[in-house]
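One chain, chain A, appears in both complexes that follow, with chain B as partner in the first and chain C in the second.
What follows is the complex of A and B.
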C-alpha cells in the first residue's frame, strides 16, 4: 500500500504487471529471435502467411484472442493435459502462467517485427563473406548478425515490455480479475472506475501515461543514438 | 602442391526466372581463370554455386579430388578453404580494418598454422593498407575497401581465391592500381584465382584461361591465346578485334618506353606506372594499317615486318588480316576489301604493319 495525495494505492497490481511484462519480454526475445531469423531468411510464399499470422494480434480484438486462449487453456483440455504430462500442476486459466502465455502471444508482433526488419537489413553478402572466412551458422549469427541488429533488439525489448504492460482484453479474458493473483494495472484501473473510485483511477492512469511516454522517448532516443531513422 | 589444382563438375541453380545450367566443365585452376560474359549470363551465379554460397545449388562439383557438391548435398562454404572478394568488398561495418582482417585468421582450421607477424605485415603492406589498420571501415574509400577485402581473404589462407567483379565500383585510377595489385598478389602467392568480369581489357590483362558464359551456360573454356586467336571471340563484341602482344619492358629512351618482342621493339609512351617487366600490350585491329614497303617518312613510330598468315572476310566490305610477327606472335589488322585488293594481299606475302596506337592493358 502506498499513499499518494491521501489516496491509498495498492501496489500489488503494479508489481504483478512489471513481473509479467519482464517474463514475457524475456520469453519473447528467446523465442522471437529464431522465429524472426527464420522468417527473415525465408524466400518462399509461406513467408506471407507467417507474417500475417505473427501480425494477427495487432488487428484482432484482444477479447477474441483472449476468448480462444480461454478455450484452448481449458483445465480439462488437451493443452493442459499435455503440460500435466510433463509434471505441470495447477491450471493455465486464471493463473500467472496463463497470463504470461497470453501476453507472449499478444505481444509477439512487437518482438518479431523489429527483429525481422533488423535481420533483413543485414546484407546477405556480409554473411557470405563470414562463411567464406570459415564462420559456421551460429558463429555468423553471434559475430555478424547480433552486433548489427542491436537496435532491433532494443526496440523489440522495449516495445514488448511496454505493450505487455498496457494490455487489457487478453488478460481479462485469460487471467480474470483475481486480486494478488491475476489483477494487472489496466484491470485495476477499470475496477476502480467501475466502483467510482476516481482518485485511484486518476493516479494509476497518470502513472501509466508517464510510463508510456518515458518508454516511447527511450525507444526514439535509442534510435537516434544508433543513428537510424525511425520507420 | 604436387598436382595441378583443378575443378570439374556440372552445376545447376534456378533463381526465379533465371536458370544456371552450366553443362559439364573441367577447369585447370592454376593462374587466373576469368569467367566472362554479359551481365545476366550467370557468371556470379556460377561462382556462388562453385563456392557453395547458395543452398539451392544442384549437381556435381569436384575440386582437387574432393567432392564439394553431390546432388543437392553441398559442402558448407566455411569448409571449402576459399577466399571471396565481393563486388563491394563486404567488409564488416561494426569492425575496424584490423578486426576485419583478424576475422578469418581467428577461424583457421586446426592444423593450419596462423601467419606469423612478419607474414601478416608482408601481406598488409603489399596490399597497401599498413597505415589503415585501426580505421573504421566506414571511412575507407572504395579502392581501400577492396584492398582490405583482398587482404582479409588472403590472410584466411585459402586454396582458391574468388573475385566477383572487384573493380566494378571503382574509378579508373583505383581500377588500374587494383588490377596491378591483383596481378602482383597472384604472382607472389601462387594462388589460383577465379575472377569475374565483363570487361575484355581485364580479361586480356589478367587471364590465363577464359570461361565464356552465355544464358546460364558455359559455352567454352579457352586459353587466353585461343580466345584471342578467333576473330569471332566474344571478347571482341564491343570494341572490335584486338591483339594482345606480350613483351618485356625496358628503361625509357627519348621519352618512350621500348617493349622488346624478340627482334622487334614496340615503343610506348604511357608506361610510367609499370613496375613489372613482362607486359601485355593491347592493339586494336582497326589501329593497324598495312604497307608493302617500310615507310620512313611517317609519324607512326611502330613498324613491324610481318608475314600474312590468314585473310578473313569480315563483312561490311572489310577484311581481317592475321599477321605473323618475327617472334611468332600474331597481330590482327583490319583493312577495307578495297585496300586488300589494291595491295594484292595474299597469304605468305611479307608486309609492314603500322600500329597507330597501343595501350598497355589497363
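What follows is the complex of A and C.
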C-alpha cells in the first residue's frame, strides 16, 4: 500500500505487471532471436506468410486472442496435455505461467520485427568474411551479428516490455483476476473504474501514461540517434 | 400496371408517414441483460413503430460514459447503485427510476451433482476452480460471495475462486471448462441458445438466501423528450414484456 494524494494505492498489481513483463521480455528475446534471424535470412516466398503470421497480434483484437487462448489452454486441451508430457502440473488459465505464454504471443511482433530489421541491415559480406576466417555459426553470431544489432535488441526489449505492461484483453480473458497471480495493473484500473473509485483509477492511469511516454521517448530517441528501424 | 403503381405509392406513403412519427431511442444496457432486452425490443418495435438501438457494456463503463456526455436516452444498469448515482449526478430524470428485473443466481457445473447436493459439492470442494463474477464490480459476484459466507462455505473455497470481470465472463470460464463449477446467472443457463442449455446441471440459489439483485433503469436527461424512450419505458412494464423477461430467467416484482 502506498498513499498518494491521500488515496491508498495497492502496489501488488504493479509489481506483478513488472514481473510478468520482465519474464515475457526475457523469453521473447531468447525465442525471438533465432526466429528473427531465420526470417531475415529467408529469401523464399514463405517469408511473406511468416511475416504476416508474426504481425497477427498487431491487428487482431486482444479479446480474440484471449478467447482462443481460453479455449486452447483448457485443462483437458491439447496445449496443457502437451506440457503435462514434460512434467508440467497445474493449469494454464488463471496462472502466471499462462499469462506469460499469452503475453509472449501477444508481444511477439514487438520483439521479432525490430530484430529482423536489425539483422537484415547487416551486410552479407561481413558474415562471409567471418566465415572465410573459419568462424563457426555461433562465433559469427556473437562476434559479428550481436554487436552490430545491439540497438535492435534494445528496441525489441523496450517495446516488448512496454507492450506487455499495457496488455489488457488477453489478461482479462485468461487471468481470472487473482491477486498476486494474475491481477495486473490494467485490470486493476478497469475494476476501479467499474466500482466508481475514480481517484485510484486516476492515479494508476497517470502512472501508466507517464511510463508509456517515457518508454516511447526512449525508443524514438534511439531511433533518431542510431537509425534503428521499428515496426 | 396502373393499379400496381397505385399500391406501391400507397405503401410508400404509409412507410413515410409511419417514419414521421417514429423516433429512435439509444439505450445503454448492462451486458447481462443483452438477450432479454433485444427480445423485448423486437416486440416493441413491431408494436409501436419506434426504433430502439441498444449499446451493451459493463455497468460502470456505461455510467462513466453517460457522466461524460454519451448520447444515451436511457440507462439499464446491472444494479441500483450506478443508475441511482446517475440521477444524483444530475444526468437522469429522477422520477423515471424503477427496478426492471431481478437477477437470479444459479450454481452450475458440467461435472458435479450440484442439482441434488449443491452444498455438499461446495463443502467437499473437490474442484480446482470455482468461477464467480468479480464481487467488487458485479452484483452477481457480490451476492454469490456473501451467500458462501453466510453458509460458512467461503473459507473452504476461497483459494479456488477465480473472478470473471462480469457475470458473462465468469460464465465463459465455466463454458470453456477452465473452471469446473461456477456461480452464474440463471438467464445464462435457461436460454435455449446458451452453449450449456440442456448440458450439465444447475441449482437455483434460493432467493431468500441473498439480497435481491435489483437492476435499475432510468431515462437520462438527454432522453427526457424522446417519445421512443417514453414509450419503451412504458412498454417494458407491460405484462407482455414482463413475460419475456421472466422467460429469460429474471424475476420481476
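Simple rule for what comes next: the second predicted complex is superposed on the first by the 222 of 231 C-alpha atoms of A that agree within 3 Å, B and C clash if a C-alpha of one lies under 4 Å from a C-alpha of the other, contacts with A are read in each partner's own complex, and residues count from 1 in each chain.
The rule is simple: contacts are C-beta pairs under 8 Å (C-beta built on N, C-alpha and C of every residue); 3 or more make two chains touch, one makes a residue touch a chain.
What you are looking at is a predicted structure, and each value in this text was computed from that prediction instead of being measured.
Using the contact criterion defined above for the overlaid structures, shared-chain residue A:143 touches chain B, although it does not reach chain C. With both structures placed on the common chain, the touch criterion links A:74 to chain C but leaves chain B unconnected. Once the two complexes are laid over each other on the shared chain, residue contacts for A:132 go to chain B alone; chain C is not touched.
In the superposed model, A:214 makes contact with neither chain B nor chain C. Contacts of A:53 after superposition: neither chain B nor chain C is touched. One of chain B and chain C touches more residues of chain A, and that partner is C. Across the two superposed structures, the residue set of chain A contacted by chain B and also by chain C is empty.
Residues 123, 125-126, 128-136, 139, 143-144, 147-148 of chain A are the ones that touch chain B when the two sit in their complex. Contact residues of chain B toward chain A in the complex are 48, 51, 53, 76-80, 82-84, 86, 88, 90-94, 103-104, 107-109, 149, 152-153, 156, 158, 162.
Within the complex formed with chain C, the chain A residues making contact are 70-71, 73-76, 91, 93-94, 172-174, 176-178, 187, 190-191, 193-196. Taken in their complex, chain C has these residues touching chain A: 58-61, 63-64, 82, 85, 128-129, 134, 136-137, 162-165, 169, 172-173, 176-179.
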